[in-house]
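There are two complexes below, and they share chain A, which is joined by chain B in the first and by chain C in the second.
Coming up: the complex of A and B.
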C-alpha cells in the first residue's frame, strides 16, 4: 500500500476516481485509511504538468488573476514540484520549488528574478496565505499518510454524489496549522469532492473539487475552489492542459534550476 | 501653630509679597530644571520605547549582533530552536524622503511571507486598508507599503511613485500598500515609516546577505530565560538576545550623561536657592524681632517660635516646589522636542514626543527636594529667632553682624573642609572619596564666603570712596557692617558664577579636544559616503569601490572605514575597522599610551587592537590588557597595543585592522572611504561623483565640510551647557534682586535718616546702585575663585563618569570677561527698582520703621 496521502490542492492531486465496494463496513478507522489510500493509488502518476489560472476573489469584490505552470515529478509524498508564474508581467518568472519528504515537512523555496534572490519558506510560515490567495503554503504540501490518524465519520452527498466523510487528524509528531480536516471522497470513483480544514472546532478553509474529468485514467478535478471561511474570500484554480506521465528531468527540480 | 502661621506668617508674606516671590524663585528654578529635564528625558524615552514596541509588534525577543548585522543562515538556526514558535528577520534603513518638510523615512525590511505572525500591518482588515497584490509586492523590489498618514500628508496613494535614495542611487519606488494610520507599526515615528521586502531591502541598501536582527515569539509555555538560554547555546556569545525593550538601553546610556549634568545644574540651583531663602529668613528674623519679642512676652515658647519659622519655610518651599513642578512640566515638552531631535541620530528619524511622560516619583522627589531645601535654609534663622531673648527682642536696633565666636567657628570649619578636600585628591581613585572631596571644597568655600566677603568689602571701600566719596563709603560700610544681610546673596552669586565658569570651561575644553582630534585624525581630503547624514549608517558601500576610487586620477590613497556598534561589558561601544597599516602613514596624533610605530604594526598584523582613551577611562582598560569582543564568527581576543584619542563614539571605540574585522564579522561592506588626493580636490570630487552617477548613491564631503558637520553635532550636544549657564546666570540675578529688595526694606529707617539729614534722592539711589554692584563684584570674584576649583572637579567628572574624555584644564577667560559686565549690569539692573523704592516712600513712615 502506498504510504502517502496527498490531500491537496495547488498540485491538484486528490483527483482519482474508481469503483468502491459499497458494501464495505465503514466505521473502523482502518477502513477509513483504506479509502484514502485507495483514492491515492488511483491518482498515482510519475509526473504531471498543467497550466493554472488562479483567480482570487476578495470579500470586497476585488478580483486578481494570475497564471502559472506546474510541473510535478515523483510519487506522492516524495514528489518535487515547480510552480512558475507567467502573468501578470510583474510576477513573471517568480517560481516556487516544493520538495516533499516522507519523514518531515516539505522544503519550499521561492525565486524572485527581479532581485535575483531565492528565499526559503520556513516551516513556521506555512500557515500564512500563499501570495494573497486563499491557499496557505501548507496547502501545497503532500502529507505522509502515517502522520495522520483517520476516522470515518459517515456518508454524505456532495453535488448529488454519495461520498465517504473521513476525518484526518495530524499525529503529535506532525506540525500543522490545522487541528483536523474532513475529506469527502466520492464512492463512485474515489475522487475527492471536498476538503474542509479545522482549527480547533472551527472550520477555516473549504476546498471544493469541480469539473471532474478522466485524463489518462486519472479522475482529475479541473476547477478547485478554496474558500477562506473567516475572511469570506475565495480563490479558484482552473487547470488547463493537464498531462500525466510526461517526460520531466530531475535536474529541473532544484534550486539552481528555478533560478534559470 | 496654624493660627500663628495664619495670623503672623501669612500677614508678613502678604506685606512683603514681592520679596516672598523672589525668595521662592530659587526653589522654583531648581525644581523646574529638575522636573523639566527628567520629564523630558522620560518623555523621549517613552516615545522611543513606544516606537520600539510598535515596530516590534508581538516580538518577545530580538536577536542582534551589534549594528553590523549577521549572516542569513543564522535565521534557520533560530527557527530550528525548540523554544521558538516564530522567528522573522528584519532590516532597518533610513532614507531621505525627498519630500518637502517630511525629513527621513524609516524603512523596515521584513519577510512578508511570515512576518505577520509577529506584526500587524493592518493592510487587509477593514475598508480603509489597501494592498495591491502580495505577490507583486514580493516580486518587485520597488514595492513599498507606506503608513497611511504619511501617504495622506504627501498626497500619495496606491500606485503612486516615490523617489528615495538607495545604495544604488536614487530609485523610484511604487506604493503598493497602505497601513492604517492608527495601527501599531504605522504610527511609529509619527508615520514616517515604510515597509518593504527584506530581500529587496538587502539589495537596495547594500546589505549583502545579512540581516540586522531577528524578531521572535516563543513557544507557549516557554519562559524568556529558557528561550534565551537555548538560543545562546545555539548562537554563541556574539549575539544579543533581549526583549525589544532592551533596545532603549542605548538611549538611556546617551541620556545618562545629559541627566547627570542637568541634575548638577538643578542641584546647584536648589543649593543657591537655599542661600537665597536663608538670606531672606535671616533678615526676616532680624526685622521681626519686635514681633518675636511680643510673642515670647505673651507666652509663646521657643519651640513655637522655631516651628513658626520652619513652617513658614515649609510653606514657602511647598509653594515654590509646586510652581517649579508646574513650570518644569511646561518646559518639558520643549526640552523633549529638543532632545528628540538630538537623539534622532540613533534612528535617523526624528521622534516626536506627543505624550508627556510624568513619573510620579520624579515629581515627588522634586517636591521633596524643594521642600527640604526651604526647610533646611530656614533652620538657622528659626533657631536664632527661637533663641531671642524677649527683652532684647523688644529693644530697637538690628543684629546683622556675626559674632566673633561664630566667625572663628566658620573659619575653622572652612579650613578643615579645605584640608579634607585637598586630602581627598590623594585618594581620588575612589569615587566616594572624590565626590566627598568635591562636596568638601564647596562647603569650605561657602563657610569661608562671609569672611572673604568682608575682606573684599574692606578692600573695596577705598576704591568706592575714591569713586563716589559719600555714596561709595556708605555702600561699603553697609556691606562691612551687615555681612549677614549680604552673605547669602554673595554665596548664591559665588555658586552661580562657579557653575558658569565650570560648565563653560568644560564646554570650551571639549570643543578644543574634539577640534584637535578632528584636525589630526580626520585629515583625508575627501570622504566618500553613502548618506549625507553621518549618523545614519544604514546604507553601506561594497568593498569593490575601494580599488575603483584608488584608480581615479589624482587619488593617492584610499582608506576603507567600517564601523559598527557592539556591546562590550553591557555598554554599546563602537568598533572601527580600517587598514591600520595605511593609518599609520597618515595619523599624526601621538598615542596616549603605547609605542606609536609598534602599535600600528601589531594592529596591522592582527596581533592587537587600539582603544580610544574614552573607552579605556570609562571601562578601566590598560595597555597590554587582553580585550575580548564577542563577534558573529568567534570571540575576538587581542591585546590592547595602544590607547589613542578618538571621539568616534561617546561610549568609546575599539580600532582594529580591517582584516581582523573581516575575519570575525565576515562583512566586507564599507561605511565610508577616506580619500587622499594629490591634485585639485574639487575636480577629483566631481570625478568621483561622475564615476558613480546613476549607479550608486554617493556623497563626497570635503575635509572642511566633514569637520563642520561634526562641529555642528558637537555644538548640539554642548548646547546644554548654554542652558546650564543661563540657569546659573538667572539664579545669580535672582540672588542680587532678592538681596537688594530685602536690604532696602531692612534699611528703610537708615535710608530715612539719610534723607532727613539732607541726602539727595540721587545720592541714595547711587548708594544702592554701588552696593548692588559691589555685591556683584564680590560674588563674581569669589565665584571665579570657586569656579576654577569647580572646573577641576567637573573635568574629572567628565573623565570618570560622563564621557571618558581627558580634557585640558583651561580657565574660560572669555566667559569670565563676559561675566564681568553681565554680573555688574545685572547688579545695577536689580538695584533700579529697590533704589526707586528707597526714595519713594514717606519719610515719616521710614523713620518710624521698626
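Coming up: the complex of A and C.
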C-alpha cells in the first residue's frame, strides 16, 4: 500500500552517448566493422563524469527539463554507472544504478528518496521511453561492436563533413526493437554524426550528434538530439562538465552507495 | 451531521502562518550557489609559459577554442592544465585576459564532497468522503505538510542529514502544541517533527548510519513482510507514510554481497487511526451507545536488532532476521460499565521474524517475492508466515504488477491486533501505471480478498504543471464485509486532490 510514485518508469542509463563514441585516427580500411571497432577503441576511458540536461519538446510545444549527474566506471558493455537527478525538485535525489554486461541486459536499480528504498527495475521492454522522453531505454544502452553485423552503404556528407554510412544489424543473440540502424561516422575524426534507426523499412528515430569537442583526447558530442519521427517530438540531451578518467571508486557503484 | 469544516478552531490562520514561514525557506533553497569556473576556453591563440613571464619562449600555443583546466589564479595569470590528446597533461601559465570561464566545457570534480544539498516540498491536500461512518461524519479533510531535508557532505566519507515536517490539519489529526517531536510515539501527528538527524560514515566497503533515519528492507512492491524497521502512520489506512527510527545501521558491501546490521535502543510504534475518526471501525457486536476510549499505550523496554544479507546481481536474493517488537500493537479492550465505555489499551508484543526476499528478472517478467515467519518469543502472540509473490512486466509505457499475498498460521493464539499487514493477506494484488509523457502519469492499484469479503481500488492521475508544481487527483473505492479488515472501511471511499510545490 505504498503511495504511488510520480515517476513510474524504470530507467536505463546514459552512459555511452552514441552508439560508438569517437575515434581520432583515420583508418584506411573501408571495412565497416573495422571503422566501428576503431571508433569504439578510440573512445575508451576508464571512467567518465558529466552533468546532463535533458529537454523534451512535446508536439504541443511544451518543454520539460531534467538535469542529472552521471558517473561511470569502466567502458563499453562492462561498465557501472550511477545517475543522480538534480532537477526538477520533485525528482531530486532519485538515483539509478546500472550494471552493464556484454552477454545480457543490464541490471538496474532505482533509489527513490520519497519511500527511502531501492527497487529493481523491470526492463523487459527496452522500447519504453526513458522518463517519457524521445529516448528509449535501448537508445541509452551501451553497445558493443560485437553485438552487431555491419555493411558499408557508402559515403555521405553530414553538416558539411564527409562521413562513412554504415548499416548495423543486431545479431541473433542481441534483442532489439530495431530491425536495423544506419550510422554516419565522420571520416576526419571517427566521430558519430547521425544515427537513424529502422523498424522494418520505416525510419522511427533519428539521433543527431552536435557540438563536438575533443576532451582529453576523446571526441565527445555535447548536444544529442533525438527525434521521434512518428510522434514529431524531439528531446535534446546536453552534456556539461564532461570529464574522462576521473578517480572513481568501485564502492560508489553499489546499492549502499546510491542511497547517499 | 456536522457542518462541513475545512478550517476548524482558527486553523486557517495557522495554515497561512505556515505558508509565510515557508516562503523564506523556499527562497533560501531556490538557487544553489553557482560553482566557480574551473574550466576555461582560449579566446584567441594563446601562449602558455612555464613561468609568469611573457619575455620567455612559450612552451606551447593554445589554439583558439582550446579548453584548459584552471588550477588557480595568480594576479593577472592563470595556472592551467592543458590535456594534450597525444602527450598528456601539461601545466603552465597563461594571461587571464586571454581565457573565458567555461563550466560547460569540461569539468573538474563535481564530486559531492563539500556540497550542501536540500530537497523539500509544500503539499496541500483535500480529501472528500461521500459517506459518513458511525464515529465520524466529517466529509472533507484538509491536510498541509511542509517537509525539508538537508544534507551536508563535508568530506567524501562523511555526510550529515537533517529533516523536519511541519503539519496542519482541519480535522484534529495534528497536535495543537508547537514542540519538536523526536519520538513519534504520540497518537496525533506532531505539529513539528524531526524526520531525520543522522550522520553517515562511508568507506569503500562499509557504511555506518547513526541517528534518526529510515531503514527499509524488502524486494516486493505492494507489501513488504520483511520490512521490520519501518513503522508507519496509519491515520489514513490506505495512504500511509513511513516513520523514522533511531539507532545505528551498519552495512558491509563486498562486490554483489551486502550485509547489514541494525540496532535500535528503543522501538518506534506505528501510529494508529484515531479512535474517534473514520479509519477506526467500530467492531460488530459493540453495544450501541458505548463510547470508545483510548487508554494509552504500554511501550516495551529494550531495543531491537536485526541483520540482513542481500545478493544483488543477475537476481536479488536476501535473508533477514529481526528481534524486537511488533510496531503494530495488540489491542486490549475492556468494558467500563459505569462509564459505558470500551477502553482500549495498546501494547507491543515481542516479535522475532525470519525473512526471505527475491527479485528475479527474466525475459518475460520480473518475479518478486518476500516471505517472513513471524514468531512470538514469549509465546503470547499468534505465529504465522506472511508471503508475497508478484510478477512485474513493462510493456511500452505501461508497468504492470500483479500477485498474491498469502498467510499461513503456524501457531494460533487468541488476541486482537491492528492487522494492517495481515489485513491484506490472502488477497490478490495488482498495480498498473502508465507514463503519458514527461509530465503526466496515471496509476491504478488494488487488492481483493480471495474470499471476496473485502477489496480496494485506487486510481491516480498526476501532472507536473511546471518544474515545481504538481497536481495529483486520486480516488479510492472500498467495499466488503464489516468483519473483514479491508471491508470494515467500506464507507471510507474517498477522492482527493493535492497540489505540491517542490523546492
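Operating definition for what follows: the second predicted complex is superposed on the first by the 227 of 260 C-alpha atoms of A that agree within 3 Å, B and C clash if a C-alpha of one lies under 4 Å from a C-alpha of the other, contacts with A are read in each partner's own complex, and residues count from 1 in each chain.
Here is the rule we use: a residue touches a chain if its C-beta (ideal position, glycine included) is under 8 Å from a C-beta of that chain, and two chains touch if they have at least 3 such contacts.
Please read these numbers as outputs of a predicted model, since none were measured by experiment.
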Following superposition onto chain A, is the placement of chain B relative to chain C best described as a clash or a fit? clash
In the superposed arrangement, does A:50 touch chain B (first), chain C (second), both or neither? second
For A:243, select first, second, both or neither according to whether it touches chain B, chain C, the two together, or no partner. second
Which partner chains sit in contact with A:128 here, chain B, chain C, both or neither? Use first/second/both/neither. both
Which partner does A:256 contact after superposing on A: first (chain B), second (chain C), both, neither? second
Which partner does A:87 contact after superposing on A: first (chain B), second (chain C), both, neither? second
Quick one: classify A:69 as touching chain B (first), chain C (second), both or neither. second
Given the superposition on chain A, which partner contacts more residues in chain A: chain B or chain C? C
Shared chain A contacts, counted only where both chain B and chain C touch the same residue: 64, 66, 88, 90, 113, 115, 117, 119-120, 122-125, 127-129, 131-132
Can you list the chain A residues touching chain B in their complex? 60, 64, 66, 85, 88, 90-91, 94, 110, 112-115, 117, 119-125, 127-129, 131-132, 137, 231
Along chain A, where are the residues that touch chain C in the complex? 1-4, 6-10, 24, 49-51, 56, 58, 62, 64-66, 69, 87-90, 92-93, 99, 104-105, 107, 109, 113, 115-117, 119-120, 122-125, 127-129, 131-133, 213-217, 222, 240-243, 246, 249-251, 254-257, 260
State the interface residues of chain B toward chain A in the complex, per the touch definition above. 75-76, 79, 85-87, 111, 113-114, 116-117, 124, 127, 131, 133-136, 138-141, 197, 199-200, 202-203
Quick check on the complex: what are the chain C residues that touch chain A? 39, 67, 83-86, 103-110, 117, 119-121, 149, 159, 200, 202-205, 207, 214-216, 218-219, 221-223, 237-242, 251, 253, 258, 310, 312-314, 316, 359, 361, 363-366, 368, 392-397, 399, 424, 431, 433-441, 443, 445, 458, 460, 462, 464, 467-468, 470, 472, 474, 500, 502-503
